[in-house]
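In order of appearance the chains are A, B, C and D, and numbering begins at 1 in each one.
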Amino acid sequence: MTSVQTSPRVRPAPEDVEESMARALNAALRDSMAADRSVHVLGEDVGALGGVFRVTDGLTAEFGEDRCTDTPLAEAGILGSAIGMCLYGARPVVEMQFDAFAHPAFEQLVGHAAKMRNRTRGAVSLPLTVRVPYGGGIGGVEHHSDSSEAYYTHTPGLHVVTPATVDDAYGLLRQAIASDDPVVFLEPKRLYWGKQPFRRTLDVPPIGRAVVRRPGRDAVLITYGPSLEVCLETAEAAKPLGLDVAVLDLRSLVPLDDETICELVRRTGRAVVVHEATGFGGVGAEIAARITERCFHQLEAPVLRVTGFDIPYPPPKLESHHLPSVDRVLDALARLQWDGRPGGVSLAGA
Amino acid sequence: MTLTENTALVRPDTAALLPDNDPVRVLETPAAADLDPEDLLRLYRELVLGRRYNEQATALVKQGRLAVYPSSTGQEACQVAAALALSTQDWLFPTYRDTLSVVLRGVDPVQTLTLLRGDWHTGYDPHATRVAPLCTPLATHLPHAVGLAHAARVAGDDVVAMALVGDGGTSEGDFHEALNFAGVWCAPVVFLVQNNGYAISVPLAKQTAAPTLAHKAVGYGVRGVLVDGNDAPAMLGVLTEAVARARAGGGPTLVEALTYRVDAHTNADDATRYRSTAEVEAWRERDPLARLERHLLETGGLDTGTIEEARAAAERMAADLRTRMHVEPAVAPLGLFDHVYAEPTPQLLEQREFLLAELSEDVEGNSSP
Amino acid sequence: MTSVQTSPRVRPAPEDVEESMARALNAALRDSMAADRSVHVLGEDVGALGGVFRVTDGLTAEFGEDRCTDTPLAEAGILGSAIGMCLYGARPVVEMQFDAFAHPAFEQLVGHAAKMRNRTRGAVSLPLTVRVPYGGGIGGVEHHSDSSEAYYTHTPGLHVVTPATVDDAYGLLRQAIASDDPVVFLEPKRLYWGKQPFRRTLDVPPIGRAVVRRPGRDAVLITYGPSLEVCLETAEAAKPLGLDVAVLDLRSLVPLDDETICELVRRTGRAVVVHEATGFGGVGAEIAARITERCFHQLEAPVLRVTGFDIPYPPPKLESHHLPSVDRVLDALARLQWDGRPGGVSLAGA
Amino acid sequence: MTLTENTALVRPDTAALLPDNDPVRVLETPAAADLDPEDLLRLYRELVLGRRYNEQATALVKQGRLAVYPSSTGQEACQVAAALALSTQDWLFPTYRDTLSVVLRGVDPVQTLTLLRGDWHTGYDPHATRVAPLCTPLATHLPHAVGLAHAARVAGDDVVAMALVGDGGTSEGDFHEALNFAGVWCAPVVFLVQNNGYAISVPLAKQTAAPTLAHKAVGYGVRGVLVDGNDAPAMLGVLTEAVARARAGGGPTLVEALTYRVDAHTNADDATRYRSTAEVEAWRERDPLARLERHLLETGGLDTGTIEEARAAAERMAADLRTRMHVEPAVAPLGLFDHVYAEPTPQLLEQREFLLAELSEDVEGNSSP
């Protein structure tokens, strides 16, 4: 597995230490467990090994096997017993080893986790966090690079959250664990290893809030998780072409921050949604549809999408052709019908 | 180093796990005479009540007061024993077919039937009643029972979970994962398989080739017991022992109760398509209520006064249930949005507004001449 | 369970017999099995009982237990063994008893059925049909009224098909069984019992083709499966209000008939997508997004959606508040910004 | 009518199902002397080849020629026996760890390693080779093996399916469902569990409380056998017998082979985090290749000429593999769209066009000065 570096674009405050996302997540787990005895971690290889990505490193040593537990190899069993633990007042954090390996637990997630509060009229809450390493770009073989967020966002009752920065990894995971609802916490695998300044603070915007990672007047790139970097690079690359492009990091897919999305779209009149997952029926479709419903008259061009193709995730040697790239996002920007624009912009050949 | 040291496992003694091929029976053995008369009478009363409850609920479907009713007629000994074997602090994990055991755990029958009446998904508070919601997707609640029992054990609390499942449900992957977790965690949980011979239309022979369903315990290092599910004292004895063992840290037990679903799968089912009247009749003769009544009458443990008293109590329950179920429940459309999350999302608030406006228009529309 | 009647709106040719959709599906299975010995039916209760909806009625009697097989109760096992049967040249038709009970088989569907052809570069095809009774409106309790199509349409490698008429039930199911790819065949439960003229013919448009069920100049209602009736009624109800509304029955969600969709949208300039499933991330989002991408300058108003709310499917006594109704679709039509329209249309109060 | 008549099941004899707690061994029993010398030599040669293959593949990872390699070093006896026990018409259902058995079934090693090299998901034609794709999601291929075996039986064909799975994989629901279907259908399938003591870092003791994994067979009415997985002749004997039994209509067998993964889980794994060097060393002493070599040398079944011959053959295979794996495979980006469906959808054709344009631009861009 190759490590993809992340440049520290966000809040480069000199007093902060640098840390990788994997370590920030580890810190979030550790701090949550220390703060609240009801927090339990369970999953495959989360104990002695510390998880295959080392996110649970040292937790069993520090908190004991009952608090950080290597389970048998059975995802429905893991999620199902976590649900039962919730019924007894625990606040479990479940690790799914890879995105695709959460699929055997799909029934437990959709049939139970998502519905429990509603079916009991609020009598039973499930303060459950399901951590899912997702996305590609790490040279993983079949079943190791999937992005299943659309399945989860379409399931009422689940929160779906995904950090793109080290600070958000920490802050959002702590919020997710503190939440009284099930949160599917999607961790962009390819960002695990890159270091960024790390504040280890709870003071990040709440779940449900998007954050403008870069302001811009001409168009907005709407994205999340692993694609934030691509969008920031694209915005940078568009500058010399005369375009001032904003980048919005959604952070939370459910709830979705309609307010901020619409504000940016109304201001810029042009939007591109970017994500790795298959485009057809992906999260980008929902975002594009609701922008159009809400901001139709402010749109200078249709909302475009840059996403993975409608194909199974490709093998390592071909994944670069599948993933949204700076070129593809630039190309989408170029297709945003700039002709009528005062000053005129030509992105041809961009 | 021997090969079996491989795993550093203290492997359980196989012989201790292997269930008998013959079900535990009490009513047909002399040992029955030793049973505590009070317990037997309690069992009898609950069986009478249970039968009446099944009849009443079945009638309520015909009267359009329930959307559907999966009857446990013929399985009352299992239902009663499951409820009685538990202490107050214990938890029950029932399926759609186990409303009787829920009622006998003390949950209000009307609240128990909420799901089947169709006004909401669950009518009672699981925390207050220590009864999980009636589970429809088969076997998916078994890991919940294991997780709860495990959490209680880790907390050092004295809590046992009893999870009910059908013969068909044992084929689901979740059954396997739950039993395996229970074995590894030595969780205080009792799995009760009500083997009523069919999963809707599918007979056990097409469900599994296992010698008995109790034998499935072996593969999880879990104790398995086969019991005559229409023998109420045997049921109560086996479950009480299993619960006590779990409570004492002795780990999980898988109990297979051989019983029979005398009614169709639900009112919507046509059981004549897949089983003969002769088969049903043969099983009626093993009726758990009649058997206990007969035994008690033969051994002098029951008099007509007690019988009438039990029936009268059952009648009162049925009358009360009937009356209350004939009151159309108030449903609150806006409540659809209240509990999807602890706090409604902005999107749900918008949708709530939309429905509110629609409902107000309707009201206006209706109130105009 | 209450039966919802369907009026015979489509092709009321007098020479045709009337038949229910359940019977038409049964005929399709029977005719497929008779025509091709490799066709096998398997599932829970498909044998002596004939399925809980009687769609497999009589097949075991006619073709034997090896051709129509009651399986153990385990959805992943059913779908997984059907995949194995495909490897040996069989053409299995799997019945999932209700939509939600297909979820335990999610991994088999997404991880294997959808990927097998691609991962083997076409060496292994899976001529598999997964029949799923879906949708609500029949007074079913929890887990009996779900609409999971969005999970499937977002999964590359699956065809997703859903009939709305008796003729399509027959024709599309036969096409699905004949297809060399896995087809998720969604059967609208509430249409099972209503009778329509039945031609028992293979001569219906192919999978991938939408059908205009009603022409119209002013707007188009785009829908499928259980919501077709609602849309046809709405179009009828809109007539006296001065609107000539077209109704498009998609029939196939994957592949999607972009061509016909765009043709109608370009002609009318206004579109509403209607389905029962949860709106957020539903199929309607994809359709709205792609219409906007492709027909932006022909749109007089944003594409609107009338869908189920973003909530778990409600209990029987509340489902009418959740499902798209004629009133709601009319309301959406009214919101399609008619003000600037020559002749002007006021749907206020519609 | 007795209660067990309930199900109309001819229940299998429990005793016949119950596996021994002691693994089948051959090398340490006098019976080994009776083995066919030719078979033993064949086994030996394949073990030598297998060991060399594992070494070469591991080296290829270090050289950046494979994305990842889950080694079967130490498990070669299982791999070899699985391949040799099958006849031409039979099918093999391997996991990511079983590339050696795939190669020994006759599949080209380069094609076998396609998945792990990263140029495509499967490199060989399953129909032509009768080897299913290497399966990554654990235990999910077991129902496929059952379905194929069942379809073959229904067709009246003489085909057996052999499905491989790890100790960890036995905890998955799909294991349960596959075994249960196999039991009910009496499908001609052999399940080989390579119990190498760990699922990545998780030792068997945390995986199950079962006496042995072979005991899991009991709950499915399936025969279970425990065997010393580092005893190549024992492995071959047990698997050959299980295949023959399946072929003869005797139904499925679950074979648990006790073995050990000498290398880390994959090259990406750090095994020192969860197991001791002493443990690994102890297992190295039970090395399947060394054990058979020792036995053959002791019994006079092997001479140095044969040893050198076997090693030379293995070396040739390794050299060939090395050479061919050092040729960077041609990958075809447009092929991404070719096999999603039998016919590409209109949407995929559009996306293909898009990529084609992009690739052409790149080519132009590159060719411009």
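Quick note on the criterion: a contact is a pair of C-beta atoms (placed from the backbone, for glycine too) under 8 Å apart; a residue touches a chain by one contact, two chains touch by 3 or more.
On a predicted model such as this, the values are computed, not experimentally measured, just so you know.
Student: Which chain pair is joined by more contacting C-beta pairs, B-C or A-B?
Tutor: Higher C-beta contact count between the two pairs: A-B.
Student: Computing the C-alpha centre of each chain, which chain sits at the greatest distance from chain A?
Tutor: B
Student: Measuring from the mean C-alpha position of chain B to the mean C-alpha position of chain D, what distance in angstrom results?
Tutor: 42
Student: From the mean C-alpha coordinate of chain A to that of chain C, what's the distance rounded to whole Å?
Tutor: Chain A and chain C have C-alpha centres separated by 31 Å.
Student: What whole-Å value do you get for the distance between chain B and chain C if each is reduced to the mean of its CA atoms?
Tutor: Averaging C-alpha atoms per chain gives centres 36 Å apart.
Student: Can you list the residues of chain D that touch 2 or more other chains?
Tutor: Within chain D, the residues that touch at least two other chains are 120-121, 137, 140, 171-174, 176-177, 180, 184, 206-208, 340, 345, 347.
Student: Identify all positions of chain C at which a residue touches two or more other chains, and write them in rising order.
Tutor: Correct list: 71-72, 74, 76-77, 100, 103-104, 107, 111, 115, 118-119, 142-143, 156-157, 254, 256, 280, 309-312.
Student: Spell out the part of chain C that touches chain D in their complex, as residue ranges.
Tutor: 40, 66, 71-72, 74, 76-77, 79-90, 104, 107-108, 111-112, 115-125, 156-157, 159, 179-181, 208, 254-256, 258-259
Student: Taking the touch rule as given, give the residues of chain D at its contact with chain C in the complex, in rising order.
Tutor: 91, 120-122, 125-128, 132-133, 137, 140-152, 154-155, 159, 161, 173-174, 176-178, 180-181, 184, 335, 338-342, 345-347
Student: Would you tell me which residues of chain A are touching chain C in their complex?
Tutor: 76, 100, 103-104, 106-107, 110-111, 114-115, 118-119, 142-143, 150-151, 153-157, 254, 277-278, 280-286, 288-290, 292-294, 296, 299, 301-305, 309-312
Student: Okay, in this complex, where on chain B does chain C touch?
Tutor: 67-68, 96, 115-121, 136-138, 140, 168-169, 171-174, 199-202, 206-208, 268-270, 273-274, 329, 331, 333, 336-337, 340, 345, 347-348, 351, 355, 358
Student: Can you list the residues on chain D that touch chain B in the complex?
Tutor: That would be residues 1, 3-4, 6-9, 11-14, 17-18, 21, 23, 171-177, 180, 183-184, 186, 195, 197, 203-212, 215-222, 228, 230, 258, 260, 282-283, 286 of chain D.
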